[in-house]
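Take a look at these structures.
Two complexes, one shared chain (chain A), two partners (chain B, chain C).
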Partner chain A sequence: MILTVNGDQVEVPNTVKTIAELLQHFELNNKVVIVEKNAEILEKEKHAETLISDKDKIELVHFVGGG
Partner chain B sequence: MIIGAGALGTGSAEMLVRAGIGKITIADRDYVEWSNLQRQQLYTEEEAEQRIPKAVAAKKRLTAINSEVEICCHVMDVSVEEMERLVEGVDLILDASDNFDIRMIINDISQKYQIPWIYSACVGSYGISYTILPGETPCLNCLLEKVPMGGITCDTVGIISPAVQMVLSFQISEALKILVEDRLHLRNKLISFDLWENHQSSINVDKIKREDCPSCGAERSYPYLSFSNQTKTAVLCGRDTVQIRPSQPIDRDLESLDKALSRQLGKVSRNPYLLSFSTAEHRLVIFKDGRVLIHGTKSIPEAKSLYHRYLG
Partner chain C sequence: MLKIGNHEFSSRLLLGTGKYPDFEIQKAAVDVSGTEILTFSVRRMNIFEASQPNFLENLDISKYTLLPNTAGAKTAEEAVRIAKLAKASGLCDMIKVEVIGCQKTLLPDPIETLKASEQLLKEGFIVLPYTSDDVLLARRLEELGCHAIMPGASPIGSGQGIINPLNLSFIIEQANVPVIVDAGIGTPSDAAIAMEMGAAGVLLNTAVSGADDPVKMARAMRLAIEAGRLGFEAGRIPKKRYATASSPLEGMSIG
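Then we have the complex of A and B:
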């Protein structure tokens, strides 16, 4: 499956079916991340149930602490 | 008011002071170290050599840049009481800190006194910023839901200077818009970028504002302003250092401490703001306001035992 993640075309294995699994795939599952799918922001509670499909546009923003 | 005088704090202070802002308050708990010089633009080798507190060094340089600006600098670990005192008359708070304990306090103070603030952070080549307007946008607590523990990348990997400058450009553009009261032009989006990976993203997070948020919701309690949520000891992000802060602010007599410790330990170095000495594996830095930094450990119990061994 091909997704656009933060503007880049990315191929992810078909075993990745939900937003939660996508975060795991990118090793962001333990981080504080805000996810937008096709210009629609997703609340944290919905990460596990929201399915992703080919050509979805995903934006991932993770919070960092340095400064 | 700028909280923190590291990479983001020195950069934003310089921009605002050069712009001729009327009055600026800067608070920082740390002193200048060699590793800071790569990105913390107000400091020099001499200040690293002498371990001058950042707030003192920043004031000196900023005054030299524009003597017409009123510059108030505080060598202090800002927590709730300090923030309540400093925030009087402030139009805008800029986050230039390196941890979420203080950011959650800034967030609650901002809601309580209806003062806008701008969250900003960077790590490596990555940066992020968001402008929080009380009564309009979601607050940091809405975005994070709780203080992230462990889920935050800290600056163990360093920060490249262009990432700092990029975050500063976003942060200070927004700051200028707020200060000249041109709110229509505010970005109103959470922005993030990675200069190495060539990414940038900008998303609207309005939907994340929660009615039941304890910081900005209808029935708010400002949870981070209550005593039980305050950290007295903190492991400093990425620094192999623990800070211990006495429960009451104290004014430590560094001169007599110097005498007492010199007898036990030999070499103790001291400037008007702090005193430091090394043991076989650790280095302790004791500030006039009572705080102690213990370098060479991440363990709070170990740090506490060193603290009590040398300071009673």
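Then we have the complex of A and C:
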């Protein structure tokens, strides 16, 4: 399945079915990550139940230093 | 106590987390500053370098109230999106509204700041807008329901200190919510002056992170803000044109 992640085309195995599994795939499951799927912001509790499919646009954001 | 929305703080220093030489210096500076509120930004992750440490992992964030900013937003719509992304982390309910209208001066866009603040208040955020030192804009933001007003002392990162103390004093006098002087602070005396004028707090970043010794400067800022606040609470003497002797004029043994 091909996703657009943070603007880049990324191929992920078809075994990755949910947002939570996608985060695990990128080894981000222990980090503070905020996920937007097709312009919809997902609360953390929704990560496990939200399914992903081919051509989804995913944004993964986090906190960085700032003033 | 500094009260912002339903939060209470004993420190009046809000510290930014950008541009420290390294995480260790940052952690030490944050510790000695005594701050209880940390600001930070929201950005895309680099998923190809996910193993890179993040500053949050280096700090015990349970000790701090997190104040994300909407830096990077040029419109109200973008600011609202960034605020919602930050809140979806489940780590914070406050937002520093920062909508920059000019890349050279980094001055805030007043119209978009007002619009974004209005929308975020409707959505239940605790809203702290970064604004210019415009007195009427500050009033309008307060009338919307903003929980604090954050006028800049001078342009972001410029270190020029308070360039319009008159406007700042008008903003402080009229406000019924905390006024936090945000941006442009360069030295401990700048921060102390803001506090002496009656500001409820000071938000700074580069003044500490860009100092030769950020940890020492963090301590200096802490002391300056405490000193300035005490001075404000104590009440200064009026300025007089001529001298008034502090020693008694009676009982002189000469002449």
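We take it that the second predicted complex is superposed on the first by the 63 of 67 C-alpha atoms of A that agree within 3 Å, B and C clash if a C-alpha of one lies under 4 Å from a C-alpha of the other, contacts with A are read in each partner's own complex, and residues count from 1 in each chain.
As a working rule, contacts are C-beta pairs under 8 Å (C-beta built on N, C-alpha and C of every residue); 3 or more make two chains touch, one makes a residue touch a chain.
Keep in mind that what you see is a predicted model, and the values were worked out from it rather than measured.
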Original post:
Superposed on chain A, are chain B and chain C clashing or fitting side by side?
Top reply: clash
**OP:** Would you mind checking which one, chain B or chain C, touches more residues on chain A?
**Re:** C
**OP:** Have a look at where A:Phe26 lands relative to chain B and chain C in the superposition and call it first, second, both or neither.
**Re:** second
Original post:
Is A:Phe63 in contact with chain B, with chain C, with both, or with neither (first, second, both, neither)?
Top reply: both
**OP:** Pick one for A:Asn6: touches chain B only (first), chain C only (second), both, or neither.
**Re:** both
Original post:
Thinking only about the overlay and not a real complex, which stretch of chain B clashes with chain C: 27-35, 243-251 or 297-305?
Top reply: 27-35
**OP:** Find the residues of chain A that appear in the contact set with chain B and again in the contact set with chain C.
**Re:** 6-8, 31-32, 34, 36, 41, 43-44, 59-67
Original post:
Residues of chain B touching chain A in their complex?
Top reply: 4, 6-9, 95-100, 120-123, 126-128, 143-145, 148, 150-155, 159, 167, 190, 192, 194, 199-201, 203-205, 207-208, 237-238
Subject >> Parts of chain C lying in touch with chain A, wherever the complex brings them together >> reply: 16-20, 26, 39-45, 47, 50-51, 54-57, 66, 68-69, 71, 81, 84-86, 88-91, 156-157, 183, 203-206
Original post:
In their complex, what parts of chain A are in touch with chain B?
Top reply: 6-8, 30-32, 34, 36, 41, 43-44, 59-67
Original post:
Which residues, counting only chain A, touch chain C once they are in their complex?
Top reply: 5-8, 10, 26-28, 31-36, 41-44, 59-67
